[in-house]
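In the part that follows, the structures are each spelled out as structure tokens.
In what follows, chain A forms one complex with chain B and a second complex with chain C.
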Partner chain A sequence: MTTLYAILIDGMIYASWLFMVAAGLTVIYGVMRILNMAHGSFYSIGAYTGASLVGWYFSGAQGAPYWSYALLLGAALVSGVVVGLLIEQGLLQFMYKRDEILMVIVTYALLLILEDATKLIFGVDPYFTFQPYSLLGRSEIGELTFANYDLALIAVAAVIGAACWLTLNRTHTGKVLRAVIQDREIAIAMGVNVKLMFAATFVVGTTLGAIAGALTAPAISVSPGIGVEVIVLAFAVVVVGGLGSIEGAIVGALLVGITRAAAVHLAPQIELFVIYGVMALVLAVRPQGLFGRDLARKI
Partner chain B sequence: MKRTRSYLAPTALALAAAIGFSAPVTAAENGKFRVGIVTFLSGAAAGPFGVPSLNGAKLVIDALNEGKVPAPYGLKGINGLEIETVIVDENGGASKQVEEFRNLAERHKVDAVIGYISSGDCLAIAPVAEELKLTTVLFDCGTSRLFEENKAPTYVFRTGLDAAIDNIGAARYLIDSGRKLESVASIQQNYAWGHDSWGDFSAAIKQLKPGVKVTTEQLPKLFQGQYGAEISALSVSKPDVIHSSFWGGDMEAFVLQGNARGLFDKRTAVLTCGESALDRFKGQAPNGLVIGARGPFGAFAPENTLSTWFRTAYRSSAEMDPTYPAFKMAQAILGLKAAVEKAAGKPGVIPAKEEVARSFKGLSFESVSGTVRMARANGHQALQGIAYGEYKFDAKSDKATIANVKSYSGECVTPPDGTTAADWIKAGFPGAQCN
Partner chain C sequence: MLKLDKTEIWLVVSALVLLASAFLLPNWLTFILTLALAKALVVQGVVIQMRAGLVSFGQGLFFCIGGYSVGMGGAFLNIHDAFVLVALGVAASVGVAAILGLLMTRYRDIFFAMLSLALSMILYGLIVKNQALGSTDGFNVHDVSFLGWMPAGEDQKLVIFVLTVIVAGGIAIALNRYMKSGLGGVNEAIKENEIRVEFLGLSPRWILYANYLFAAGISAVGGAFTALATGHVDPEMAFWTTSGEFVFIALLGGTSHVAAPFIAAVLFALVRTYALELAPHSWQMILGFVLLAIIVFLPKGLWSLVAGKRRAAA
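This part shows the complex of A and B:
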């Protein structure tokens, strides 16, 4: 029984983290058809800026410790918006008509550049800013103890998921975005400012990546390479759920998270394999992912 | 064609100029002793290991060049010759390192190479060093396979210790400390280092205390960072002791997350690389956590003239205490200096590499961690003891110290020549000399 609820709670916590990491990736692909290899770098930038700011805040003890959560979110918002806007306006907007494969290579190059830039700016020493993680205390659930910060991340991921879904499905902006997703050319013909939509979508995607990084930073030691590590997992989640689908990212994250937690508890030797095993299984049955749509090819 | 020519000429000129400007002057030509220093300058191992070891290297080399290192290292530089360094980033994998090593030997014409943290890099470099006949001092990598696979080395030496010692020492410490030890669990990074460490530890603990049960063996991916499910699995399995060879950010994240969830409240954890984060845990590690430094290094280094000098100088230059990678790098440099000076006989000359290899073999030298004897692997592997102790954080002073330290001699924890660590443990540590 303990193992069963441990699997469920651990799976939910991991899934919420996976979803936060993958949400930006799937939003950008869904609207812009860009498989953004640099997404991990935005996660990393969010983690570094959040950790730096919180580290500075606690080293001076300027105010109430709970303000550190606002600092984390603020750091993520500012860094995500600024870097996302710079990249979209300075590079990507000139390449939108290029082939999807070329965009993969462009964003991969961007990943390498941003990884080195992060090292130049923040150095190679790990950042260990644990205070926001410890501050919320812990809760006992049955025989097990969980960090309240981890449990709070489930709620944050739910809010992000709901906000993305409601924006896409219940707002005017969402309708316009769906029109762009359905057919870019027709949307332009109907007077939609696709360039503006693309810029806004990219910035939202990068900011989601930065938020995931900033909220993860207090639980880990932020060190070079963390962005590269998460990008593979994020891809696994969006591929399972279906590229470009928010619902898919939620279900993909839950599937991967709970399966991985089950493997850790029941057969730890196969934990590394199980994430990619799930991905392979889903792709074998539904190559477009669980929520992916079959697309008619334009001639 | 015309267009091609117009690009070719300046390109060729630029290349020629670049080669000309970068062509190194050999040590013999410029009268300096040139050393290649290889350590992680980027990647996840840079922060916990690479940067401290490079800080240590710079400090010791500068001090040697200025003649400021205490006796017996008063002679400036190496044998009176100024040391100059070629620093190489270890990041990038074994193939890249082999290429870089060949560059150091053939292009930079270094007189010796000191380096390598990754065991994979050490295993790849050792045969190349022998092929190129270049004195190579491995300062940190711990793989037991190094001299099991390179059975008759001439130019390769390791002044750091074999990783098997970390785990045999940890097992002995746990037994001697009188803790409840009926069951043990493991969490290791899922690569050779983690598997080997757990293999040595579990074999040693079962040999020293038959009947110990293994409750769970967790093998998360390297640099995973999130250990929620693993911590639950460890808690559910209710072991008395948790063993881990985690290092760097993974170790810090595991300790932070585990402590926040009370994982260490009712059980002991032993971290074989724990000392490298002694000042970074900042009270997030529980008091009583058993930590090691992979030898008598860092906070475990004995007090002597050299270690006191090194600590003081490191603190004033890096504004923090030196951790074990810094000590190990300093030890490798001092070992090389001792070997070269013994081989040279008189100051101001660079002895032949064969002479250096002969004098390094079986050498005994003073170091920041006490006396080092190159007494294993036919004189190519350092023999030293190991110490473990308990983490203790004082919130008032915001400083961490180590309590209940216990040391084990090299002869107690090191397999003799001619036997592998696994066979020695399995046979019940024959010939071990423990106090």
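This part shows the complex of A and C:
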């Protein structure tokens, strides 16, 4: 019983983390049809800026420790928007007419560049910023204790999910975006500024990635390579749910998160295997993912 | 009598030059060349699928199976003959591909790329958690013999180099024939428009299936020789960034000629050897910019420089 309990809560925590990581990826693919291999790099940029800012705050400044959360978010917002905008305006906007598969390779090149750029800027030594994590303390649920920070992440993930869904389905901008998703050309003909929409979407997507990184930073040691590990997990989640679907990313994250938590508690040796196993299984049955749309074949 | 066309004569001549140079070049250089040629074989596997429009971001799967078969054959099955070990790798790899291919041939574009990536990451996940296989450290490959002959120390490396050159040359000739055959030509038709190929009465799915098995076999040969040459295997072989490197080399060379992956792989290895010394932390960044430059300026790879000149001269 306790194990079941632990699986559920650990699964929820892991799922909310997965969702935060995957949300930006699915938003970008949904609107722009770009599978962003460099998404993990935005995660690591967010983690690095967040970790170094918070580290500086606790070592020098004499403010209330709770401000460190605002710093984390602020770091993510600024770094995500700046780097995202730079890349969209400087490179991607010239590539929109290329094949989907070629864009995968373009963003792969971006990943290589950004990985080394973060190494050059932040060095190769790990950053530790546990303060925001331990500040919230722990709480007992039943017989088990959990870090409150982890539980708070569930709430943050829920807010991000709700915000994405509401923007897309309940606002004017969302309606325009859905028009772009349906048919880019017709949307242009109707006077939609698709270039602007693309730039905005890309920046929102990269910022979501950076936020995920910054909020994860206090819980891990921020070191080179975290982005590369994260990207395949995000792929797994997004592909399970259906590329480009917010609802899909939520369900995918829950499915992968809880399955992994179950594996960790019941059969730790298959932990990594299980994540990609779920992905392969879903793809085998429903290639377009659980929430993906079927596409007609073009002649 | 085997008749060779112009490309094949060039391939044989280059192989002979490489073999002769083995006695002149320093050991470290032949070692790098061995690894580059082995890697080029894996890249050939990526290239033949790319010619049909499929980008495999998981060719490391078969690279890894080839390598681990050599290691495990020596460690657990007590097989010490290099030829048997390589054959074992190919058999294991093609066997796995025969099953996975049934699934993979249903996917195109990014779905093929993602699923191939996921499959190689599954293998990675399995190996990393397996203590008997050395977990993340991998394990050492036993010394091997060649049809009963067991050369000592440095000679062994030289023998492996010679073998790699001969095998790579043989595979290159086979690939050249395949590319020029009807089946090879259909691959490009599939890339252009799969449905029309279907209407012509061919089954794209089975052609892609054959391609997939073929690619798996060649990649396993590359993995097996890498394991023999380095004397070590580790799960990194199946990690997705390894597969990314294969895609990189494939694009660097281009897909229009059988020699292109070899040239690209050797170039890649040489540049990396120096770049890692000069700029250890910006080596990937250089790669990234080169990749972007190729996509923008040389979409058909470095080979288009050679091919373009020839056409201009004609």
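By definition in this document, the second predicted complex is superposed on the first by the 295 of 299 C-alpha atoms of A that agree within 3 Å, B and C clash if a C-alpha of one lies under 4 Å from a C-alpha of the other, contacts with A are read in each partner's own complex, and residues count from 1 in each chain.
Keep this in mind: a contact is a pair of C-beta atoms (placed from the backbone, for glycine too) under 8 Å apart; a residue touches a chain by one contact, two chains touch by 3 or more.
It should be emphasised that the depicted structure is a prediction, and the values quoted were computed from it without experimental measurement.
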{"item": "Chain B versus chain C as contact partner of A:H265, first or second or both or neither", "value": "first"}
{"item": "Chain B versus chain C as contact partner of A:Y48, first or second or both or neither", "value": "neither"}
{"item": "Chain B versus chain C as contact partner of A:I220, first or second or both or neither", "value": "first"}
{"item": "Partner chain(s) touched by A:S134 [first = chain B, second = chain C, both, neither]", "value": "first"}
{"item": "Which superposed partner A:V124 touches (first chain B, second chain C, both, neither)", "value": "both"}
{"item": "Which superposed partner A:A284 touches (first chain B, second chain C, both, neither)", "value": "second"}
{"item": "Which superposed partner A:L144 touches (first chain B, second chain C, both, neither)", "value": "first"}
{"item": "Shared chain A contacts, counted only where both chain B and chain C touch the same residue", "value": "119, 124, 268-269, 271-272"}
{"item": "Residues of chain A touching chain B in the complex", "value": "2-3, 6-7, 9-11, 13-14, 17, 119, 124-126, 128, 130, 133-134, 138, 143-147, 149-150, 216, 219-226, 229, 260-261, 264-265, 268-269, 271-272"}
{"item": "List of chain C residues in touch with chain A within their complex", "value": "53, 55, 57, 103, 106-107, 109-111, 113-115, 117-119, 121-122, 124-126, 128-130, 193, 195-196, 240-241, 244, 247-248, 251, 281-285, 287-289, 291-292, 295"}
{"item": "Chain A partner contacts - residues on chain B that touch it in the complex", "value": "41-44, 46-48, 50-51, 190, 216-221, 223-226, 228-230, 232-233, 235-236, 248-250, 252-253, 256-257, 260-263, 280, 282, 284"}
{"item": "Residue ranges of chain A touching chain C (in the complex, touch as defined)", "value": "35, 91, 100-102, 104-106, 108-117, 119-120, 124, 228, 232, 235-236, 239, 243, 268-273, 275-277, 279-280, 283-284, 287, 297, 299"}
